[in-house]
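One structure is given here, and the rest of the page talks about it.
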Amino acid sequence: MIKVGIVGGTGYTGVELLRILAQHPGAELTMITSRKEAGTPVADLYPSLRGFLDLPFSDTATADLSQCDVVFYATPHGVAMADAPKMVAAGVKIIDLAADFRLQDPAKFEQWYKLSHSCPDLLAEAAYGLPELNRAAIAKARIVANPGCYPTTMQLGFAPLLKKGLVDASHLIADCKSGVSGAGRKAELGTAFSEASDNFKAYGVTGHRHHPETIEKLQLLSSEPVGLLFSPHLVPMIRGMHSTLYARLKPEALGTDVQALFEDAYRDEPFVDVLPPGSHPDTRSTRASNMLRIAVHRPDAGDTVVLLVVQDNLVKGASGQAVQCMNLMFGLDETAGLRHVPVLP
Amino acid sequence: MIKVGIVGGTGYTGVELLRILAQHPGAELTMITSRKEAGTPVADLYPSLRGFLDLPFSDTATADLSQCDVVFYATPHGVAMADAPKMVAAGVKIIDLAADFRLQDPAKFEQWYKLSHSCPDLLAEAAYGLPELNRAAIAKARIVANPGCYPTTMQLGFAPLLKKGLVDASHLIADCKSGVSGAGRKAELGTAFSEASDNFKAYGVTGHRHHPETIEKLQLLSSEPVGLLFSPHLVPMIRGMHSTLYARLKPEALGTDVQALFEDAYRDEPFVDVLPPGSHPDTRSTRASNMLRIAVHRPDAGDTVVLLVVQDNLVKGASGQAVQCMNLMFGLDETAGLRHVPVLP
Amino acid sequence: MIKVGIVGGTGYTGVELLRILAQHPGAELTMITSRKEAGTPVADLYPSLRGFLDLPFSDTATADLSQCDVVFYATPHGVAMADAPKMVAAGVKIIDLAADFRLQDPAKFEQWYKLSHSCPDLLAEAAYGLPELNRAAIAKARIVANPGCYPTTMQLGFAPLLKKGLVDASHLIADCKSGVSGAGRKAELGTAFSEASDNFKAYGVTGHRHHPETIEKLQLLSSEPVGLLFSPHLVPMIRGMHSTLYARLKPEALGTDVQALFEDAYRDEPFVDVLPPGSHPDTRSTRASNMLRIAVHRPDAGDTVVLLVVQDNLVKGASGQAVQCMNLMFGLDETAGLRHVPVLP
Amino acid sequence: MIKVGIVGGTGYTGVELLRILAQHPGAELTMITSRKEAGTPVADLYPSLRGFLDLPFSDTATADLSQCDVVFYATPHGVAMADAPKMVAAGVKIIDLAADFRLQDPAKFEQWYKLSHSCPDLLAEAAYGLPELNRAAIAKARIVANPGCYPTTMQLGFAPLLKKGLVDASHLIADCKSGVSGAGRKAELGTAFSEASDNFKAYGVTGHRHHPETIEKLQLLSSEPVGLLFSPHLVPMIRGMHSTLYARLKPEALGTDVQALFEDAYRDEPFVDVLPPGSHPDTRSTRASNMLRIAVHRPDAGDTVVLLVVQDNLVKGASGQAVQCMNLMFGLDETAGLRHVPVLP
């Protein structure tokens, strides 16, 4: 059994890791830390875990995680990179659910996260944890940067088109909608029930951290410069993400069978489901599961491909994907612990 | 036109006062204060008011409210009683939407609010602002204590039964359910969307401040000692309150026509609507209006009366009731500014 | 007082007309019909109207509406055009909230609504009821076609850009999101609470009736052929519509001050509010009001204008706009009966 | 592997059975029938099951279920009793999720369900499927009547008090609140999103079918006549049930340690969790799991016990409990296939 630690397990990605790992056949949760909740039984904070988990939170400051095989960082940005040199030296692998190792360009990281990177050498070796596009690198990585939730949908959506150079890469549009849990487990007015319920709004048209991340990764797939408009919106639902993606086929690519392209691209992927033509996937069809679903549209047989991509932002968009990476890093079945049937209704 | 001031207008009861007063035919909003938002136009904080209100927030510390005829306190507990002596001396009437003047027993106030009362003499003269039960006193009061939201439903529900001594006053049960806006406009984890949505829970069975308030006021209506079980619950909706009330008829009262009793009690009340027998009122039938509706049940013709009482917790349960009191205090038509048709759906 | 009739008043646009007209200073509701609810007091079906409306539903088959000055049709498609010749002959004006008089091209109407048009001559004289773009024609019309909800947002959003020829009219994108009440008051599985709540989906990427309507009307504003991608989505909220619109500036128009363009275009409009730069409007900032708000963005100062347009789909998107048209048709103040402050929270 | 059939698998209890059984270690789903969806792959109707279930629906009229070891009836009332004689004769066990075998009194059944019972002899031998109170009978039954959702919470709540005769059995009160999925997967106006969202109401104070069921079963636990007031309410959430139960201790029982009583009663139960004193359980702490949680309160140390009971109405309140019964009937581990960690948030 792999010995697993979690740093910062009180947020939503933390409790989702706990939900998954509590029943993982090849991993054993040995330590979970929290600055604020040290000593509190995890199940006191999350009664949903009563009977599944007997651990208390350990103190982040004093916990010895060097006995773990792998540690997940479900922490604010900056924590994982501070720990990384010590952990790597101790032979512990790291999966960071925050952004410390996502952007390979340290200048971009500093621009968007207002932190200078403390271990650029480790950044250089870190693997970006999107298995469908980077499986080999993840499998041998010591440090994995778990992707952002929006970037996961945008990359898996645009990838088949960009890889083959079929669309105008300079003018991609991603109109994305997220459930409120994406904002984390925080006391904030903007995500209070009375503010966010029975309401809808865009919120980061003027700039969002997932924009540079997505552009950097999409650029790796495209031989032409990538331009991306990204409009995130807040949906009054707890979990779920729906990205509506627009890309224009090049004149010479108008004859492409785009549906077949996507089916071929993801045929062997256990967690990417290309739906039949004409589908409009519900976010709930992925609720509490690691599945991401894509529907391919081409309205009026025109030059624009419209992709509808759905996932559970806390699973494939965060903790499930992190466990998928862990499975790869330790040679386990990639789907181990991740075979939950979506909860519907 | 009555000149109106509002202290602490950034919360939900504050913005609801603004919504009502912005179109009140006999009152003019002349000043609104905030500690944090001084200088900010009100409509910047609440875009819903763009075009209806041009005032900025004044600084609470320096604002001169003595020119107002009446000031509403939509503030935390303790603020109104600190201001009251000065305001009353200046001839300004006060309507406090917090609890400072609700409990006539200062010991109870101190026990539940952890504040000692700073002006017990003014407390003694303050009128409890439930017009249907205390209209005359309100009309001539200098200080009105606007009732709590739950207490409004419990008093208007139990009053007809207690006044006539028809039920066992010692064992009343109120199983109450409130929308989340009742908790106020706050950044709190418990009322975050991802915590409170798609969820239901009780939250104050171990004790709630509206309990002593309700008992004190019900006792005024009953010649026998009042005992009350009060179980508040949190409903995943923004506005709305539903109180399900249980009272046992005394053996000698089993022949009472309870439906007729309620219809008679509230026949002339503009804001209390007794529904036809067999009704199950929706909270939304009162949404954004000052109406409270009551359905009277007596299951299996037994000895227990079950009352279903609904209101909008921010209107009849708070700001609408406060304006209703203002109308009484200044000799206006009691319904002035309060004739909104409920918003349904 | 204008005498008003409503045909088919049991749906959401019907009850919203009732909410507005019950307090309209210049109109008097004299008759409301329903096939199924004839004889039932309106307030029995909609308890929110208790005390505001004493009318019962009249039988649609036998009701004599010829005494009315104007009749609103809040009916399924096809009803208004069947009645129109008779009503017009009797001197009664018609405002149709369905689609019978929206598309000037009868072939398109037949294609999308599976009905052949029964009075193409009256269709030819009907005015399209979007006051901000067609005020003069509405004022003198005998028949007004009230616009669809989505088309209202798309037209008011794209109009300033198209009128001046600033953008590539052939590749407009409208990513639109609607609350569930837009589907009407119907017993349908897809809009059941357990299906639509805590969920998000696109639903008409393969074709939607508001697409040809919008294209026909946008074409009137543009000297170049209009192409429009329209992706409607269903949001788990009752009321509210958010359209995110994308249009690319032509190279020669890159220097345009788009914010100023919009502010100028709508400066005198009582129901169109152009927000300050950088705004992200909430749908709730228009809840239960006739206001439509627009925020103008140009991410990274690039060539694409992103417009965020919000409205209440039942008010500016339906019944409020219809009353606005009525006001114009009868020479009343255009805002009469429509000055509701949005309900927030 | 047990061979399992499901009749009527298109409703919410049906799809929840599928979610559970698709991963049950000791059962294999061999047939699922539907009148309307014969031939349709189950995963076409429920995309959440794509990749987990390859079965199509069989035609209810022609499907041969005699090869199954057990058949679940997730059907309208009346279907299971029509099939039961044939199935029992073929050696197939039956678990009915409808009401056909719940009420042992056929007169009550006819009164409440408007059907005369077609096989009273089989009714007499049927076991009531509440394992915690009837485990032995279930284990040897050929026919199990799966309890209603509300009755499960009321029985598990009141049972420890009634069994010991500690409370006034004649005046129990159950104020119950259910998520909307309890009404089933139906196109009905009352449970439409725009009707049920952002709203709260009671709905069956005048009579509900779970009332006679609960009284009949509670009476088995009590030596005194049981009287029960039952007030169901509809909560705007998909899953979840919260029952607030009130019972008055007899004078001689005032010294009872009620908390300890409940802890002792359920210490060995895998699916009943007695919470620490002072708890207010969320319904979401049971979401998508078979756990039921109980908190015990005694406000102001008075004579009334207040119990807060939560469960997922589709799992412990329906399909999970049915699988728990199946496990007992076939000698499997009672928790097999039912160890889902609740989904939170």
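Each chain gets a letter, A, B, C and D, in the order it is written, and its residues are counted from 1.
Convention: a residue touches a chain if its C-beta (ideal position, glycine included) is under 8 Å from a C-beta of that chain, and two chains touch if they have at least 3 such contacts.
Computed from a predicted model, the values in this text were never measured in an experiment.
**Q** Looking at A-C and B-C, which pair shares more C-beta contacts?
**A** Here the pair linked by more C-beta pairs in contact is A-C.
**Q** So, comparing C-alpha centroids, which chain is the farthest one from subunit A?
**A** B
**Q** Would you mind pulling out the distance in Å between where the CA atoms of subunit A average out and where those of subunit B do?
**A** 45
**Q** Distance from the CA centroid of subunit A to that of subunit C, rounded to the nearest Å?
**A** Each chain reduced to its C-alpha mean, subunit A and subunit C end up 39 Å apart.
**Q** How far is the middle of subunit B from the middle of subunit C, if each middle is the mean of its Cα atoms, in Å?
**A** Whole-Å distance between the two chain centres: 37.
**Q** So which stretches of subunit A touch two or more other chains?
**A** Within subunit A, the residues that touch at least two other chains are 12, 179, 181, 185, 194-195, 197-198, 236-239, 281-282, 284, 287, 345.
**Q** Write out the stretch or stretches of subunit D touching subunit C in their complex.
**A** Of all residues in subunit D, those touching subunit C are 12, 179-181, 183, 185-189, 191-198, 236-238.
**Q** Contact residues on subunit D for subunit B in the complex?
**A** Interface residues on the subunit D side: 171, 173, 175, 177, 179, 194-195, 197-203, 205-207, 227, 229-231, 233, 235-240, 242, 244, 246, 248, 278, 280-284, 287, 297, 299, 302, 304, 306, 308, 310, 345.
**Q** Which stretch or stretches of subunit D touch subunit A in the complex?
**A** The touching residues are 12, 15, 19, 22-23, 46-52, 181, 185, 197-198, 238-239, 273, 275, 281-282, 284-289, 291, 293, 314, 339, 341-345.
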